[in-house]
Every structure is written in structure tokens, then in C-alpha cells.
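Multiple structures are listed underneath, in C-alpha cells.
What follows is a pair of complexes built around chain A, which joins chain B in one and chain C in the other.
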Partner chain A sequence: MAVMQRIKAVGAWLDERLQLGSTIAEVAEHPVPRSSASWWYIFGSATLVVLIMQIVTGICLATVYTPAANGAWESLIYLNYQQPLGWYIRALHGWGSNFMVALMLVHMVQVFLFGAHKYPRELTWVAGIVLLLCTLGMAFTGQVLRFDQDAYWGLGIGASIAGRSPLIGPKIVDLILGGPIIAGETLSRFFALHVFVIPGLLLAFVGLHLFLVLRLGINEWPMPGRIVTREKYRQQYKELVQRDGEPFFPFAAQKDIVFAGLIILSLVVVAAVMGPIGPGGQPDPTIIQTVPRPDFFFLWLFSVFALLPPWTETFLMLVGPPIAIGLLFAVPFLSGTGEKSWRARPFAVVIVTLILLAIGTLTWLGTYSPWSPQMEAWTEAPVPPDYLKGRTPLELQGAILIQYKQCRNCHSLGGQGGMRGPALGDTAARLTRDEIIRQIVQGGGNMPAYGKNLSPAEVNAIVAFLGTMHPANEPPARDSAKPAEPAASQ
Partner chain B sequence: MIARGCRLIAIACAAVCVAGCDWMPGRPTQAEMPLRPSAITDFARLYGENCAGCHGVDGKLGPAIALNNPVYLAIVDDAAMHRVIADGTAGTAMPPFAGAQGGNLTDQQIDIVVAGIRKQWSGDKSVGAGAPPYSSNSPGDSNRGGQVYAANCASCHGADGKAGNAGSIADASFLALVSNQNLRTIVIAGRPDFGHPDWKSYSARQALTAQQVSDVVAWIAAKRPASMLSALSAAQH
Partner chain C sequence: MAEQSNNDQAGSGELTSRRTFLLRVGIAINAVAVALFAIPILGYVLSPARKFVWLRWISLGPLTNFPENQTRLAEYVNPFRKPWDGETANIPCWVRHLSGGDFQVFAINCTHLGCPVRWFAESELFMCPCHGGAFYSDGRHASGPPPRPLYQYQHKIEAGQLWVRAGEMPTLGQPTA
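The block that comes next holds the complex of A and B.
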């Protein structure tokens, strides 16, 4: 008891001089529209809570991390395998990053669909877009700090986008990488960005964002037909709050608090179950067996770059991002008044759906990147024994050659192998012998011609093996120009 | 309500942390430690990444000869295996794995693979007792080989080598793709994974002698068309 009284006394002493208590109370208890205390309005605060977790775990990691080319990877290995619970802090930080990006995107979609970006909250949206860019910047620089083989993806893309700008391209590459190539200086730069520059911006804009939210009030629940106009809106909002307002704390805040708690709990569990992200293999330009792949949130970009026809790349890389970012900033200025409710804005709903579908599909493609051959499949991916049982010695040689000639790097059998070309498990059900030979010898449709690289014996063996590739209950494909053989037509 | 909710969540978080530590499934294990390719020393991983595509998961049921075969391991010595893995077999689909030959295994890793194959798949050593030697200097007589073939192989591979149920082993294309050593190894050690007989099970009465093995291999090899022969030997030099 005595202790409690002591603490209270100290608190009172401080408050008398700082005069904070009343300000905090004012902020906490400011009235908000009853309708905004909704389970839809909780994503922003949850994002903020995850940001705070990121700062805490980030500081912990920074005490061990070595921002030097010859120590970065090793320090992460130390964290993962030696430092007690070091792996767990890494897991929290890595998954926290994913959580934060995801929550922020949900928040953004909700804000847009509920018309919260409209007059007078345009600047809140603009600050939010800066926060989006900063957060993606953190995710991007963070994966570079891992400095494993995949880190090269981010660096390579960053440098190649910048390097393509006319005239100043090489200068910018120099600025990003700290030299013409990826080296120790590069890492120092990304470290500075990740722990000083971007977090500084992030905190400043979080401040602005929150200040604006408090000043302008939380968006009321939109109703179709309730039109926003510059002349009347502020007056209407004031009346609404007076008529049907409740203090923010605890009325609206309790949902935020419960949701934020659940988010932290899921983060704690996900980190414990999934473990830290990377580091993958040690970075070494001489190891060419791996294709660097970005973290989850950039997989869609990875797909875009892989799928773009090469001649459009320079143009789209330079012009695409500025236009996309410019459009995001422009949203509240393009549709600053009018209907708020998504039910009265079909166009907005269609756009959001299309963007989410596009990014979702590209991400899904990126997870297994069917366009890149699997360079190890020929020695690694086994041939399912069912394709080998009962085969003749020549057919078995054909199966060996499918491996040896690295056809497996592009073609899968039994679900393993590359996916650039069709799976070979039912080739003979689709193609006749002549068509198979033509495809192998002449190539075509993104497959190289093997005519010069296969001896006649090798072609015979491969064709003999592929000729067995049809489901047991389905006859092999026949040349429709020739009369059916009795055996095939029963 | 808030206070209670918060307390519950906080307790749950703490419980995860405290209870966790050692058994948390996300904790990286030493085995997951990323290694540079040349530092991998685990046999299962080396074999799986480099050999399973042709020699099959677990050394059998792949398109290329089974290494998981006690008879084969009884007749071959480590030096011969090491040589084939390092240098490959010219003119066939067995690629070289030594760094100097453009492969990506170190000498030490090849030793690990050889030792691993031996340790895991040697099985019952007695099954190889009395088997003809892995290699032989005597050239073999293809005329006598024809009789060995007729008595021991024709029932499955067809009279005179022209397509039986099991397919021809005198097929020109087939013979252009395999080495004589491969033929010899198959004749002696068979392919237990596909039920192919070995040297002592062709005939119930008598196992093949070392001379008969050399003879039948000579007979099969003589079926290689001259054009293929020159291609194969050109590739081998």
C-alpha cells in the first residue's frame, strides 16, 4: 500500500510539472461516432502494435548483427544456433514483418472501401501511403540484411531498375550499392536504411497519421446515399458525434485492444511453430546452382519480372512504379467527395478485386515459378518406378537419357521436375511417335531443338521410353492420317 | 472485460514462451544449417541430390543400374566405384562428378558417397560369395558366348537376341548407349529391384562361370554395329 502511495505521489509530482495527464485523458476520451466502434476498424491499430513489436525485436537483433559483408551471415547463424532464443527473436521479427505488411494492406483496403480517404481526410491517406512505402522498404531492406543467396534477388532487382534510368542510371546504382557491384559497402548502406533512415521516416509519419486521425475524427460508418460534400461534411460529422458519440476509450478501444492481443498471440505462436526465416545458403557469386527468390511479399514482383517480355522490361520498370505510386497518392484527389459506402461504389469494388486477384495470382505463380527450369532435377528427381517396371533395356536407356540430357529440368514426371514444359507422364497418349520425334529434334514452343545434340541411338531410346508413357487403360495416340492398326483399335 | 481479455492473452503468450523454448517446432536444428555445397558431408543428402535421379531413391528402382545390390557391392571395390563416380563413363549417360571434370563433388565427398553406398546397401555379404570377378582381362569368345546366351538368356530376351518378352539386348541403339562393363555387371549382379536374375540364378542347375560371363558379354558386344562402335570408342578417347 505504502508503495502504491509513493508511486502515486511521484506521478502527481510529475504531472503537476508536465501537465500531461489532462492531455492524455482528453485524447483517450475524445468522442467518436458510435458506429465507428466496429470490428472493421481495428486493423490500423493492430498494424501499429506490430510496428512496436518490430522495433523492440529489431533493437534486440541489432545488438548482435554485424553489418559487414564477411560477418552478417555468420551473425545470423550465431543467432539461430547459439544465442539462447536468438532464433526466436529472429522468427518474431521476420514473421512480424509479414504480419505488418498483411495488416496494413487489409487496413488500406478497408479504408478505401469505407470511403475514409475522402474529404477532409485526404492527407491522412497520403501519410498512409508514405507509411505503406516505408513498410515495404523495411521488408525489402530487411531481406537484403539477411545477406544470403536470396538477398541477391533484392539487390539485383533494385540495381537493375535503377541502372536502367537514362543518363543517371550508373550514378544511382553507385549510390545504392556503394560501388558498381554488390560488396561490403552495399550492406552498410542497406543497414543504415533499415535501422535509421526508413524507421525515422516511419515514426514521423505514424505521428502525422495519428495526429490527423485525432484531429479529424474517426470515419463514421458509411451509409449508401449519405453524400460527402466539402460544404456540409464537417458540420454533419460534428452533429453526429454530439448526437451519437461515445468516448474513444474504452468504448471503441476495447475492440482494438482485444484484436491487437490476438494478433500478438498469433505472432508468438506462428514464430514458435514456423521458426526464423532463413538465412539460406551463404552468398557466393561462384555458387550458381540456386536461383535467388524474394520473400513472400515480393513474389508477385518476381513473377512480373519473369513473365514480362524482355523488350518491355526497361520501359515498364522505369515507368510502372512511379505511375502506380502516383496513382495511390492521387486516390483521394480523384474521388474526394461523393458516396462513401462501397455498396454505392461498384467501380471501387471492382478495382480492388482486380488488383487483389492479380497480386494473388502472381504471388501464387511466384511460389513455384514454373518458368524457371529446375537446375538440379536431372540428378535429383527420381523417375517413378511405375514408369520403369516391365520396360525393355532400350526403354530404360531412354529413361536414363531423359535425366542425362536434363529434360527433367523443364519436364516433370510424377510431380517432380521443372514445369516449363508439359509433364511427360502421358506424352504418348497425346502425341504420335512422329510428333514426339519432331518435338525433340526440332524443338519449338520454348523448347530447344535437340537435333544436333542427340545421336540417332539416343533419339531411338528416348522415343521408345516416351512411347510407353500413356495410362494403362488408354491406347497411345495414333496418327489420324494413317488407318488404325488392329491392335490399337481392338 | 478488457482487463480480463488482456490478462488471458498475456497469460497465453507467456505460456507459449515458457513452455516453448526447447520443443518449439520452429527452432532450427543443426541439420537445417545452410551449408555451401562443397561442405555437405551427409551421405543421404549427397546421394539424394546427385544420384537418385538415375539410380533411384534408396539405390534401386531407378532407370540406371541398382547400386543397392549386395552382389554388385561384393564384386566391385572402392577404387573402381570412386573412379566411375569421379570420371563418369565416357560414351554413356554416367556423368563425371569430380570438380576437375566439371562435376560438383569434392574428392572427399565422393569418398563419403562410396563409403555410404557400401555401408548402407552391402546387405548379406554371403550372397556374393563365389561370384565371377568384376572385371577380367580375358577377352571372351563370342562363339561360345552365343551358346551361353541361348541357354541362359534367350528365354527372356529372345532367340538370337531379337526381341523376347524382356526386350532385345542386341538392339543396335541399346548397345550404342551402354559400356561393356555395364553389361558385365548386369550379367553377374543382375537387377534384384526388377527381378533380373544374377550369375547363379539363370539356370537352376549351374551358375555361370567367370569364363561364361566374359563369353556372353563378348557375344553381346559383337552385335554392336560398326558405325556405333566407332562412335562409342571415339567418345571414350
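The block that comes next holds the complex of A and C.
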């Protein structure tokens, strides 16, 4: 009892001088609509919890990581294998970034579908978009700090996009790279962005975001037919909170607390089981045996760059992002009043679904990038034996040439090889002999012309082999202008 | 009386202007101070963009490294390297020796988005691992999204060595490899 009294006395002494008690109590106990204490309202706070974890693990990493191009990669390897628990801190930070982006996106979709961006919370949404951009900025710059081959060539892609800007393109490239080419100063620039500039912005806007949530009140559970108007909404909200409000802590906060705990646990387990992410090969540009890929959250962009029609590309790369970002900022000003419930906003639901489907599909395509040649297929994927049985020597020579001339890098056979061009297994069923020759010699439809690299004898052998490529129950394609060849039985 | 009240007003007006005077002086001093502070910072941050051309002649080694009718990977050290650049200072490029003293030196960067193209001698193609660009042996576009042929270095032969003018990452806006 004496101890308790002692603690209370210290607390009272501190509160008299700090004046924090009443402020904290005011924040913790501010009334929220009963309907907002929902399992749907837990994603924002969980994102904040992961952000705090990122700050802690980020500071830990900064005590060992060397932000210089001649030492960064080695310091990451040191963290992974020699620094006690370095692997774990790196794993927490790397997987934490994935958690944070994912939770933030769920939060964003939820507040949009629940109409939380509408009057008077327009600027809460705007601050949220700034936070989205900052978080994606952290994800990209963090990928650069993991200074490996993917980081190096990822910077090259960024610079190449910037270099497409008219007139000032080359200057922007120099500014991004901190010089004329990816080098030491490039890494130092991205370090400054990742550790000082963007986190500063991030914290400032988290502060604003939370301040607005407190001052304007958490969005009530939307009901179809409960229309938001600028004249009446604030009064209605006040009445709702008075009539049907509960103190935020513990009534609503308990769900946030439970979920936050689960998120921390999941992150800890994922980090321990999956281990640190990378680094990949060292950032030596002379090692060109590399297949650069962005991190998961940018795979959809990688796919977009491969699939856009080339003539639209420069325009869309430069104009697309500002339009997309501008639209995100504009959302609450385009639909700031009216229905809040997603049940009464079919257009909003369709838009969210389409965007998620598009990004999901593009991400999925990015994981196996069918447009990229598979550089090793010609030596690592043999011709399946079924395609060699009963073939003539000329046809077998064609099979060898198909391997040797790297056709397999873009064309699969028996499910192995590149997917850039069509699979070869049914070539003869699709093309006549003349069409196959023309396609090989002249190329076209995204296939290079091989006329200069193949002797007539080589073309003859390849075409003989491809002529055997048709399913057993499907005859080879033939030129309909010519009479059909007499059947074998005649 | 009227005169008196006028004087009062004039007095209080003087007082206000004396107060605002100090504020104005403060603003002026700070405007100058902030400019002196900020302009060098801008200059510092923007300094990488101060030069228009980052190119210098550098040797790729003796001509004997590049047999006729072959395309080979060559390396040079970035002429603008800093001591802490580490392995990023080593830049690769493709040297194609045609017959005689004819050379073509291609940048490693794909003209689409800068990924490293790889030479395949058997099919005589450069292929890019990122978005599927392909180029013929002379650098012409063969397939995929690249909007132009491979970037080429300006080159010369001097003292039995092949020299290129290099230092910059080539981009569409600045195709000076």
C-alpha cells in the first residue's frame, strides 16, 4: 500500500508540472460513435504500430549499415551472418515494410468504401494520400539501400524513366543519381531520403492525420440513406456521439489493441521463419548475368512497362503518375457529400474492384514475366525426348539448331523455355511450311529476323523439325490454295 | 480639445509605427539571412546537374582484346569515379569488331529502361532480361518495347588501344553513351 501511495505521489508531482494527464485522458476518453468500435476500423492503428516498429528496427540497422557504395553490400552480408541478431532485425525491417504497405492499402480501401473521405474529413484523406506516397517512397528507397543488383538496375530503370522527360530529362537524371551515372553519391542521396527526408514528412503527416481524426471524430458506421450534407452533418455527428457514444478507450481501442498485438506477433513470426530479404548479388554492373526484378509492391509497374504499347509509353510514364496521384488527392472533392455506405455507391465498389483486379493481375504477371526471354533456357532446358522419337537425321539436326540458336529463350517446348513467343509444340498445326520459313527468315510480330544468321541448310533443318510439331490427332496445316496431298492409303 | 485629441491619435499612431518598424526590420534581416542560408544549400543539392556533358576519353584496352567479327564484353572505370564508389565504378560495354578497323561500341543499357543487355553470339542478338527487348548485332531494334537502337559510344583507335568517350549513363534524353 505504501508503494502504491508512493507511485501516486510521484505521478501527481509529475502531472502538476507536465500537465499531460488531462490531455491524455481527453484523447483516450473522447467519445466515439458506438458503431465505429468495429473490426473494420483496426487497420489504421495497425499501420501506425508497424511504422513504429520500422522506426525502431531502422535505427538499429543504421548503427551497422554502411551507407557508402563501397561498403553497403558487405555491411548487409555482415548483418546477415556476423552481427548478432542482425539477420533478425533485417528480417523485421524488410517484412515490416511489406506489412506496412499491405495494412495501409487495406485501411485505404476500407475508409474509401465507408465514405470516410467525405465532408468534413476531406483533408484527413489528403493527408492519408501523402502518407501513401511517403510509404511507397520508403519502399522504393529502402529497396535501393539494399544495395544489390536489383537495386542497381532498379535505379537504372528509374533514371531511364526520368530521362524521357522532355528538355530537362538529363538534368533530372543527374539529380536523381547525384551525378552522371549510378555511383557512390546515388546511394548517399537515397540514404538521406530514406532516413531523414521521407521519415520526417511521414511523421509530420501522421501527426496531422491523427490530429484530424481526433478533432473531427472517427467516421461513424455508414448506413445507406444517411446522406452527408455540409449544412447538417456536423450537428448530426455531435448528436450521434452524445446519444450513442462511448469513450474511445477502452471501448473502441480494445479491438485495435488486440489486432495490433496479432500483427506484431505475425510480423515477429514471419521475420523469424522467412529471414532477411536479400541482398542479392553485389551491385557490380559488370556482372551482367542478372535478371533485375523490383520488390513485390512494384511488380505491377514492372508489368505495365512491359505491356504498354511502345508508342504510348513515354507519354503514359510521364503523364500517368501525376494524373493518378492527382485523382487520388481529388477523391474527396469529387464526391465530398452524399451517400457514405458502399451499399449505396455501386460505382465506388466497381472502381475499387477494377483497380484491385488490375493491380493484382499485373502483379501476378510480374511474378513470372512471360515477356522476358529466359536467358538460360537454351542450355538448361533440353528438348523433351518425345519430340525426338522417330525423327529423321535432318529433323534431329533441326532440334539441335533450335537449342543452339537460342530459340528456346523465347519459345517453350514441353512447357520449358521462354514464353515471349508461342510454344513450339504445335507449330506445324498452326503454320504451313512456307509460313514457318517466312517467319524464321523475315521475323515479324515481335520475332527478330534470322535470315542473316542462318544458312539455307540450317533453315531447312529447323523447318523439317518444326514440320513434325503437331499433335498426333491434328494434321499439319496446309495451304488451302493447293490441292490436298493424296492420303497414304491411296 | 479637438486639437488635443488629434495629437493623441498622432501619438498612438507613431507608437504603432515604431512597433511595426522593428517587425519590418526583423522580417528584412531574416529575408536576407534565409536567402544567404538557402541559396548555397540549393546550389549544393542541385550541383550534380551543373555540368552539361559528363564525357571523357578512356581506354578499353589493346585492340588485340577484340578479335575481328566478334562482339565482346569490355569494362572501363568510370572516369568520374569517387574513391567510395566501390564496384559501381566499373562499367561494362559491348565491343563489336567488324572487319578491318571498324568498331561499334554499344552501351550496356537497354534503350527501353536501362537494364543490361546480353549478347548471344549463336543467334547474333542482344537480349534484355527485363521487358523483352532484343537488338540485332549492329544494334538495330529487333523486337520488344525499346524505342531506338542500342546507344553507341563515340570511339577512336590510338596507340594500339580502343578508346571510348564515356562517363554518363545514356538515356533517351541524353543518348551520349
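The rule is short, and it goes like this: the second predicted complex is superposed on the first by the 387 of 490 C-alpha atoms of A that agree within 3 Å, B and C clash if a C-alpha of one lies under 4 Å from a C-alpha of the other, contacts with A are read in each partner's own complex, and residues count from 1 in each chain.
Heads up, the rule we're going with is that a residue touches a chain if its C-beta (ideal position, glycine included) is under 8 Å from a C-beta of that chain, and two chains touch if they have at least 3 such contacts.
Just so you know, these numbers come straight off a predicted model, no measurement behind them.
*Asks:* Touching A:Q282 in the superposition: chain B (first), chain C (second), both, neither?
*Replies:* The answer is both, since A:Q282 touches chain B and chain C.
*Asks:* Let me test your reading of the model: by the given contact rule, A:A183 touches which partner, first (chain B), second (chain C), both or neither?
*Replies:* It touches chain C, and chain B stays clear.
*Asks:* Once chain A of both complexes is superposed, is A:K389 in touch with chain B (first), chain C (second), both, or neither?
*Replies:* After superposing on A, A:K389 lies in contact with chain B but is clear of chain C.
*Asks:* State whether A:Y404 touches chain B only (first), chain C only (second), both chains, or neither.
*Replies:* In the superposed model, A:Y404 contacts both chain B and chain C.
*Asks:* Which holds for A:T314: it touches chain B only (first), chain C only (second), both, or neither?
*Replies:* After superposing on A, A:T314 lies in contact with chain C but is clear of chain B.
*Asks:* Under the stated touch criterion, which partner chain does A:R164 make contact with: chain B (first), chain C (second), both, or neither?
*Replies:* second
*Asks:* May I ask you to decide whether A:P199 touches chain B, chain C, both, or neither, giving the answer as first, second, both or neither?
*Replies:* In the superposed model, A:P199 contacts neither chain B nor chain C.
*Asks:* Taking the contacts chain A makes with chain B in one complex and with chain C in the other, which residues are shared?
*Replies:* Touching chain B in the first complex and chain C in the second, residues 282, 284, 289, 378, 404 of chain A appear in both lists.
*Asks:* Taking the complex as given, what residues does chain B use to touch chain A?
*Replies:* Per the stated touch rule, the residues are 1-2, 5-6, 9-10, 12-13, 16-17, 20-21, 24-28, 30, 33-37, 48-54, 56-57, 61-64, 93, 95, 104, 166-169, 171-174, 176-178, 194, 228, 231.
*Asks:* Could you please specify the touching residues of chain C with respect to chain A in the complex?
*Replies:* 46, 48-49, 51, 54, 73, 75, 78, 80-92, 108-109, 112-118, 120, 122-125, 127-132, 134, 136, 142-147, 167-169, 171-174
*Asks:* For a test of understanding, state which residues of chain A touch chain B in their complex under the given definition.
*Replies:* 77, 80-81, 85, 87-88, 91, 148, 250, 254, 257-258, 261-262, 264-265, 268-269, 271-276, 279-282, 284, 287, 289, 376-383, 385, 388-389, 391-397, 399-401, 403-404, 408, 455-458, 460-461, 464
*Asks:* Looking at the complex, which residues from chain A come into contact with chain C?
*Replies:* Per the touch definition, chain A meets chain C at residues 68-71, 73, 152-153, 156-157, 159-167, 169-175, 177-186, 282-286, 288-292, 302, 305-306, 308, 310, 313-314, 371-373, 375, 378, 404-407, 409, 420, 443, 446-450, 452-453.
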